[in-house]
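One chain, chain A, links the two complexes that follow: it is found with chain B in the first and with chain C in the second.
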Partner chain A sequence: MTPFATDVSQATRARDGAGSQASRNLRLLWRSVGYEFRKRIQFRTGFVVREMMNGAVEPIIMLFVYAALYRSAGAEGTGSLRGWSFDEILKYVAGLLVVRKLVFHNRALDVSTEIFEGRITKYLVMPFRFFVLVQGRFIQYTLLQVVLAGLVWGIGYGILGDRWLVPVSAAATVQAMLLVGLGSYCCFLLYFIIHSLAFWLDVVWSLLVMAWFFIAFTGGSSMPVSQMPAGLARVFEYGFPYWTISAPIEVMMGRLGPGDVARGTGILVGWLISLEVLRRFVWRRGLAKYVGAGM
Partner chain B sequence: MRAYMRIGWVRKSQFRWEFLNQVLMDLLFYVSFVLTFKILYGLGGSEGGALSLAGWSYGEVRVYLGMAFVADALVMTFLGQQWHFGADLKDGKLDSFRVRPGSTAFLYFFQRFSPEGLTNLAIAASWLGYSLASGFGSLGLGLDLLWTLPAALVVIAFSQVFLMIAYNSVELWLMHSDVGHMASLMLSNLGERPLEVYPRMLSRALKFVMPVAALAWYPASLVLGRLDPSFAAFYPLVLVAFAWVTARIFRRGLRNYESAMS
Partner chain C sequence: MSVQGPPAGSATEAPVLEARAVGKVFETFERAPGMLGVLKNFVARKKVDVTALADIDLSIHRGETVGLIGANGAGKTTLVKILTGIVPASSGEARLLGRDSFNLTNAEKSRLALVMGQKSQLWWDLPPIDSFHLLREIYSIDSGVFESRVQAFTRMLDVEDRLKIQLRQLSLGQRMKMEIIGAFLHDPDVVFLDEPTIGLDLVSRETIRQFLVKLAEERGVTYVLTSHDLEDIEETCRRIIVLDEGRIAFDGDLAGLTNQVAGKRAVEVHVEPGGTKNLGPLEAALAPLGAEITARAADSVTILVDAVRMRDVVPVLFENLAVRDLSIERQPLEHLVREIYSQSGRAGASLARGREGPGAT
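Entry: the complex of A and B
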């Protein structure tokens, strides 16, 4: 083979090599475009699923269960079971769909992870309190959920009209939102306290799940508290979950008046102060034993 | 020395504390369910009196709940790893399971056995046993139970595995989007109430499309003798078909997996 031929073949190979390199790059580029789209779609799908669907299924299931019960009792029309007609239950479920969106959810906090992984240190040297950042999370969560709850209410009203929960007055709406806001902050404080137990415990998720079971059941997520046996309802009325979920809905329905709202506000403020004191205590004790490297 | 002793004490007690917490957590779940149904049936006056839930008496619903609790406890005991599937996919942690000589799904999903879950399985089984024992007179249960109960438990275990694979298959396309997780929670929730309370279309979908009916409705109905014999015999074939389709979809989804895809 002549030197010339060798040069030609090398040039051809180099050209072929450059060509295959270009086509490989092109394939890689195409694939990475696919990945980027996939990531965006995943993120948005996750957002819709988490934010829109969260808290929506249980109330709807509850409605089906109630419909079957009222049918069997022959109380579908004007009849009532322990002071609640089926139309009122329908409004209550509508209220649940809206109110449960507004109540602070544990998934918005990751304080325990920060503690486990020893990342709290960086916040401690900043010229502000760490809790301000977490409060910012609460406000962001609430603002986003107000928009979503408004959307859910609008869709429901568009479909069901007056059978959907329409607040009896603007004042009742404001009163109910005051109760939900205070109650949601109580939930936020409770979750923060449980997260702070990560200073001592290795795992806290089971405690968070138990807290939600407690809030949901005593708050009236599976049935109106006032429809429960009288003794049980009386006990639950001293807890903040009742004034966070069940009572605000009844306020909007006109079943509870301003006197009840004042009492509820008092109870919620009492809980709020107690939980805040406990939060400060737990956080301070936790920080005292924190060594900056997780557990 | 005191500090070392304290750390040692904390380290050893952590797992006992967590064990207790998880047992308590599921116990709370069972209690809240039972209490809710007890109160609902109590709305009509005496417990289990005039009220029925779409044809289910209180005694029958107790058996239904027993099946639902057993199904839930089986997941908690053997299939707890499923909650990490989305994150593990995203981090490319499936590689080591794919190269092992065995079913990837089996090796991955069964890797996390939970003693806490097993304790809850014992509690759930006790509740089921109690419900069945107290129903011997009132629910007309007889010796049929000798074959219907084992059959019901096999159906629950079989369906739970394939339903879980079906939920998680979504993650193979929409990774870490929570769709599979939410679908699992929503559908399990729907299956924890007698299917007769739902509109016919939804009820059919829960029997034949995503058969969560196999977790509590079919087993409870089989044990209580509420099923038409031909349906009782035919339905397991539906479940086998569902399992076959699910396995195919999962295998196809696995082909999409290219290690760390995040």
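Entry: the complex of A and C
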């Protein structure tokens, strides 16, 4: 018997309609999530330590700076600087430690290397969109980070109790997570777009670093955006990083309410759509420049 | 067994692969060496165009098995990339299954497969069986069919016991076989194999060749195979295309080509260096025997001769040359190909001049 005795491939092709395409993409998405998991878990050594430490150094430095600042201003107790008491800053830093775990980080993508080295070649001849695989990486990253963020939150709460950030309500937590999720996807899209520039440029990492600084600073990673000079804050409030990092923390602290969340969701969706359009455009243009190196 | 249509494509049918006046120019930037060079590049990069392909016309019908040969840098891989839609053509038009190669839809892509000798199609950190499952998902292969194909193919290629070992831990030959299995799992209609036998031992090569021949026979698969090993081509392909410096130097029936040299032998005579300076007497002595000198180097001469005249020719060689060693090629295809190159070398001279810079090879 030949392996082709039961030939279904013709039938398979015939039903290659839009519906089955979508479900196939979904199945593929889950498979690639699994694949990415295995790839990451493989390097067990130091995995947990590294993942826990990642993004923890900066907020801790920030805390020291803030402590000195508030002390020199004599505002350690109940006093406040630009609308933030030191206790609130402490909670904000706690929020940063948790939220920054969740926000998509560039280290989970290596698309530019894949382009340079011609590793995307094989996907170009397969009947699916390469981006589905990359989305799989995003989902895998997010799932893993949710667990880690939960762990970090638990440890912090165990040590500091109520001085740690405890969300004002379950609803606030859900709203904050919605913002973080949407915003994280925007970060993911931005990084992907920059990676795609590898079709034209030799080096993209400097741009990636710049993007990270942009996200971190305008997102409030070094100080709450609402504590920044009013003019700056007003501008940053139209960017997606603010709604990804700073705003969700304030939502959990109860400083921002459902109205703000609605506005933020609108802004994030706007960004998400624009970035997605840009991503498609850059990718299509880039493919025309692709040389398929190393074949 | 379900063979569809005639085994080799009929001319009335639309071609599976088509190229019309396809050209490809790669844009590269010359890099001056050293620190000063880096600065210079920063200020003004010098653009160099490399013509990889020019004016390629071909059409390949269903069931045809095509061997694509040519020297390093001749443009074989580039042609494969264009036909499969990995890179766009700079000029002209390439079509696969009737659609513009660079804008293939999933429908065409699921009938296409590509095996790259230099690059893995499978996932590096997964065992082949996991990669195959991913491919099953990607190509929506029915699981029963999938199982039976994996089983049959691994048996045919003798890698049944290697399915669960991480790809990176397989030997080159084992990996290549897995790549080929992966390429055929979804029962493609068109398969491109770019140097699938590179670096493999004789036994593995033979196994792979037999596998290809069998599938071509059973399924009427159209394939394009590039290789530097002419034996690969002879055993697996009916049609041969010779590329030389980005142009087609020969396109035709392999049998016809071998017929030209059927019953002939190529005799390569090695002599002391410089011993080939005066070949006049040898030529004169060979002419009445119907033998001719087809290639010469400082220390070797190649003679094409009818097999039946061999016993007369050999003594003549010893009389006229200080023979150190002598080899007789039974199937002088290699020899023919070299001749094709040298002929097109003259025809392609203008093209060669058009190519600049060190990147041109």
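Going forward, the second predicted complex is superposed on the first by the 245 of 295 C-alpha atoms of A that agree within 3 Å, B and C clash if a C-alpha of one lies under 4 Å from a C-alpha of the other, contacts with A are read in each partner's own complex, and residues count from 1 in each chain.
To be clear about the criterion, contacts are C-beta pairs under 8 Å (C-beta built on N, C-alpha and C of every residue); 3 or more make two chains touch, one makes a residue touch a chain.
Since this is a predicted model, take the numbers as computed values, not measurements.
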item: Partner chain in contact with A:121 - chain B first, chain C second, else both or neither; value: second
item: Contacts of A:35 with chain B and chain C, given as first, second, both or neither; value: both
item: A:217 touches, of chain B and chain C: first, second, both or neither?; value: first
item: Touching partner for A:288 - first (chain B), second (chain C), both, neither; value: second
item: Touched partner set for A:166, first chain B, second chain C, both or neither; value: neither
item: Touched partner set for A:206, first chain B, second chain C, both or neither; value: first
item: First (chain B), second (chain C), both or neither touched by A:65; value: first
item: Chain B versus chain C as contact partner of A:20, first or second or both or neither; value: second
item: Overlap of chain C and chain B interfaces on chain A (superposed complexes); value: 35, 38-39, 42
item: Residue ranges of chain C in contact with chain A within the complex; value: 1-2, 26, 77, 80-81, 84-88, 102, 106-107, 109-114, 116, 118-121, 123, 125-126, 130, 133-134, 137-142, 144-145, 148-149, 151-153, 186-187, 194, 218-219
item: Complex interface listing, chain A residues touching chain C; value: 1-9, 12-13, 16, 20-21, 24, 27-28, 31, 35, 38-39, 42, 118-119, 121-122, 124-128, 288, 290-292, 294-295
item: Touching residues on chain B, where the partner in the complex is chain A; value: 10, 14-15, 17-18, 21-22, 24-25, 28-29, 32, 35-36, 39-40, 42-44, 50-54, 174-179, 182, 185-186, 189-190, 193, 196-199, 261-262
item: Residues of chain A that touch chain B when the two form their complex; value: 35, 38-39, 41-43, 45-46, 49-50, 53-54, 57-58, 61, 64-65, 67-69, 71-73, 81-82, 200-203, 206-207, 209-210, 213-214, 216-217, 222-223, 227-229, 232
